[in-house]
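Residue numbering begins at 1 within each chain, and the chains themselves are lettered A, B and C in the order written.
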Amino acid sequence: MKRWSPSYPLAFIIALMALMPVLVLMVLAADSPQLFDARNLQILTNTLALMVFTAGGAVLIGVPLALLTAYVRLPWGKFWLVLLAAPLAIPSYIGAFTLYAAFGPGGEIEQLTGLTTPSFDGLFGSSVVMALYTYPFVMLTVRASLLSLDASLVYAARTLGMSLLSSLWTVVLPRITNGIAAGALLAAMYALSDFGTPAILRLDTFTRMIYVEYNSFGLSQAAMLSLQLLVIVGLILFLESRVKGTHERPGKSLTLWPGKLRTSMMLLSCMPVIALSILLPLAVFGIWLWREGAGNFELVYAWNSAYAALFAAIATVLFALPVAQAAISGKFGRLMERVSYLGFGVPGIVMGTALVYVGLQLSMLYQTLALLVLAYVMRFLPLAVGSIRSTSERLDPSLVKAARLLGASQKEAFRRITLPLSIRGIVAGAALVFLEVMRELPATLILSPLDFETLATYLWRVYEAGYFGQAAIPGLLLVVISGLALAVMFFGERWNQTDVIEEEPSLS
Amino acid sequence: MQRRTFIQSLAALAAAGALPLNISQVLADPADAVSVEELPKLEGELTLYLGRGEGGLYENVIKAIEERNPDLKLRIRRGPTASLTNAILAEAKAGVRRADLFWAVDSGAVGMVTAAGLAQTLPAELTGQLRDEFRFPDWAPVTGRIRTIPFNTERLTADKIPNDIMALPDTDYSVGWAPAYAAFQSFVTGMRILEGDKVTREWLKAMNRKAKKFAGELGVVMAVERGEVDIGLANHYYTLRLKAGKPDANVDLAFTNNDAGCLVNASGILALKEGELPANFIRYLLTKEVQSYLAEEACEIPLVNGVMPPEGLPRLKTINPPQIDLTRLADLRPTIDLMRDVGVL
Amino acid sequence: MIEVQNVSVHYGQKKVVDELSLTLGDSELLTLVGPTGCGKTTILQALAGLIPITEGTIKLGAQTVTADKTIAPEKRHVGMVFQDFALFPHLTVMQNVSFKLKDSRKADHWIDLLGLTPWRDVRPANLSGGQKQRVALARTLAHEPAFVLLDEPLSNLDAALKDDLRWEIRHALKDAGVPAIWVTHDQEEALSVGDRIGVLKDGKLEQIGTPESCFSEPQNRFVARFLGDASFLPGRLDAGSNIVATPLGNAPAAPVNGAEGEVDLLLRPDDLSLKLDEQGNGEIIWSRYEGSARLYGVKTDTGATVKIRCSHENIAEPGQRVMMHIITTHPLAVFDQSDAE
């Protein structure tokens, strides 16, 4: 059953599709005169440092929050979960800009309260900002892993005399290294490809070089540099696939009921994160809104954002299913899955142009909603694949075996057993894609149908022109709609009782 | 490959466009700006690619044009100028033409498209409305922007600032600049053209030691206002707009005289499809009403005769900006390489 | 009718099943027993088609499977009951049992037969272990397989439950009239439930036969030890009369593998009698209370150690001297002393 899975052909086509923009980049880069520049080294160091610090920061914030949301019984538990995952909804350049405007000498905080604050700047500032906007990747993947772990090992450790914290450290975390790695991978790739944050906070990174080239019409140089960046991406993809989690029988997961004081303290310690990543940008925009007025925002932009994101989420998940299935079927499948990740590490603006070239090949569909959704699928496939794969990996293999023995073919077993039991991962993948599409900019600007304005494009428009007050309402709507999508996802988890974990005591 | 044809056409343009002033003066007597009343009504469908649309202001112009022409269906695609340029070039390569018009905020983008031979020739009497130095066969500059030195009014006064850009490194003021910004790169290109590569290199090196980098020139002006730096290098309208929103802001404009430091650049529009409709649309942008609106509200410099420049800006004659063929400013590659070499970029 | 001929299965370089041959008649229940790692689960998976075989032939009724020519699991009409039940957690009992069935009558029949009707519409998460296993069995039998494989079906259940369920399953299998292979590591279970029993060690079939023959006439010491408490007492076999003389008495002998001369006699705990005796022929080393019986470890004066089980009323303490006699009348297995493992 392990040799050649029927999902392979479809997965191959889809992986190839996800790879097409990268191939376009190679064609574009062929014009480029120079392959490597010594000056690139300093910038490369900055880029790698930013990537490492961002991934590290995201893990430092995301893992404790994952523990909190997975294991601790909080009042209005799901609400906190949605709130803590919400930073994914905000474009990181918005976060960077508002933090930059708020802190530091002459910043809004100083103007309003008179307190001088240190400024967010350079490597430190960029790492903090990027960590703040990518930690939800880690939090969500780790949380899913934690929920599939059997609590009895922690109980065993505690009865042997270990405190709760050290048993979490020694007994729980080592078993979910692959969940941590998967989240850190996404955070790292995001840090590699993001331009807005390092530009605003004045950190010289590889992407900045790419953007400079791009904006001065050196497209082939920009493409060449993007491909060089992909080498780093390939490396971290390789490293991440090395991290293996434990394969174990699922059991009832851990639940903790700390007292009121403890719970309040824990929630309080989350506050800085939420405050900096969500409340601050909204507050800053609010101040400017009050100062400047609302401009010509239309509600249809929110509608456009929402349904484009919804189509994209559904389409991406559908395309992701064969690839995820292939990834757990064998080595070749895993390779295809890794390859489909490459596009995610390409800086957005370059990817946008590559997608334009790809889109032009289907000239009838160019600048239609269908093609835009397809572009989103190509860009964000890894988000869905990773989520689905890590859920179906954890399924008890004897379930599929039992179905086969009862007469179901591989396809039927997948459809009736693997699929329904992977709903959690599917929904999580769809939610991630939804959030990312909500804030996507470069591809949307060029490939969307005419007069199709989204929240992200409008936000960019007013930001570029300097009318920051006008960014408040779309910014708020971005957070609200994305928060709703997250809420649906998390509440849907309970509705579908497919937990292989026993939640109620058994009757006899 | 793009570059080679670009340089070829650059040479051609240089031969045809940068005529000595007296000859171009002879060619056409610049008339006063046309009024919208005199223009034919626009009917039909137009697709406009608008690069970085200066917020609501260009929008307001467009809205006004639409209101005046109810039979015109105008569809707009907005995006970063470079993205749109690349899209237009890619579309042309694939034989797909979507855009009728391309309105870009800097002339570099316009240059790329005209170099690829994609722009339609504009009627002579259309381009004839513009001031001499702003007349080109296949594109129309819309509004101008001038390089300035915004300074913090709490610390400095205008007379303390040298009026020779090359003397700036000798002062001990802290400087803010945005090397990644297209207009700044055009400014450096201008300096290269006027002073030569060697001198430009020295200037950049010296300035780099005392300059603080910002992502955009709005950031530069905001930093000057905050007091983070003493002076900055930016397009004029950022300061004027900031002051319009905050009249008591601690920033004001200083100018150099007749060098790259007071270079005048322009946003430009070109037609990608032939026909009267695109050209007629462009006429609207050169009318008295639109030009004065942009001067008053966007604080940009009108390029047609008979329209007052924005408040807070001295007359161009007193500043005496250098005479450079705008299309030459599109030759960015050597500028970028130079800036990179010095470590500015 | 199942015929396995010289089947081997490799995991990488390691031979997990080593040239195994056995035949299973219609509606025969064969139990396979052996220590962990002996390959019993692997055999089941190979028979089910879940893993490929590297050598040999499997004949499943009309179908033949070899290393080169394999048949997909869903085409083999084999039913499998898993150790961890493998119930589909998102489906109710009824939906589980009628998974691939076109009409629900068979499902109803088996749900009814196994007493599961009150839980028809319940999801597995809310069932007890015993109920889950019954559902798994109902599901397998409702699909009318040509033969059934059971992979340690009772090892996840409590002891009290095992006994009853054991017989329920056996009855259900006989009722269905299908041949079955039941894998277990519990020798008591293997001996009681199977028509025949096969003992496996390291992928090799050590012995296959009726429970009685395997228990009383084991082919080697491993089988002897594995199937029950075994004590080996040195003695001398008289070839002519087939009687073995030991310090604890004489007994009729059933020589294994042509044992002769100095032999070891296989004694089960109930083959000996025990009585307190100051003189005696042995001394109690340890004793264990088992409720209805007592088990003693006794050291004979000749140095051998034997285990004896007697009625709970026969109380003796460690250190006390006892008199032991062989009381069994049927032939007991004897092994060559050089045969010792």
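Here, a residue touches a chain if its C-beta (ideal position, glycine included) is under 8 Å from a C-beta of that chain, and two chains touch if they have at least 3 such contacts.
From a predicted model like this one, the values you see are computed outputs, not experimental measurements.
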item	value
Relative to subunit C, chain with the most remote C-alpha centre	B
Centrality ranking, top chain (CA atoms only)	A
Mean-CA-position distance for subunit B and subunit A (Å)	38
Rounded Å distance, subunit B centre to subunit C centre (Cα mean)	91
For subunit A paired with subunit C, centre-to-centre distance based on mean C-alpha positions, whole Å	53
Of all residues in subunit B, the ones touching two or more other chains	none
Multi-chain contact residues (two or more partners), subunit C	none
Residues within subunit A bordering two or more other chains	none
Contact set on subunit A toward subunit C in their complex	1, 249, 396, 398-399, 401-409, 417, 420-421, 496-500, 502-504, 506-508
Subunit A partner contacts - residues on subunit B that touch it in the complex	1-2, 47, 52-57, 59, 75-87, 90-91, 93-96, 98, 108-109, 112, 180, 182, 185, 213-215, 218-219, 225-228, 238, 241, 245, 332-333, 335-336, 340, 343, 345
Residue ranges of subunit C touching subunit A (in the complex, touch as defined)	48, 50-51, 72-74, 76, 78-80, 82, 84, 86, 88-90, 99-100, 123, 125-129, 139-140, 143
Subunit B partner contacts - residues on subunit A that touch it in the complex	31, 39, 105-106, 199-200, 202, 208-209, 211-219, 292, 295-296, 349, 352-353, 356-357, 360-361, 363, 366-367, 442, 445-446, 450-451, 457, 461-462, 464-467, 470
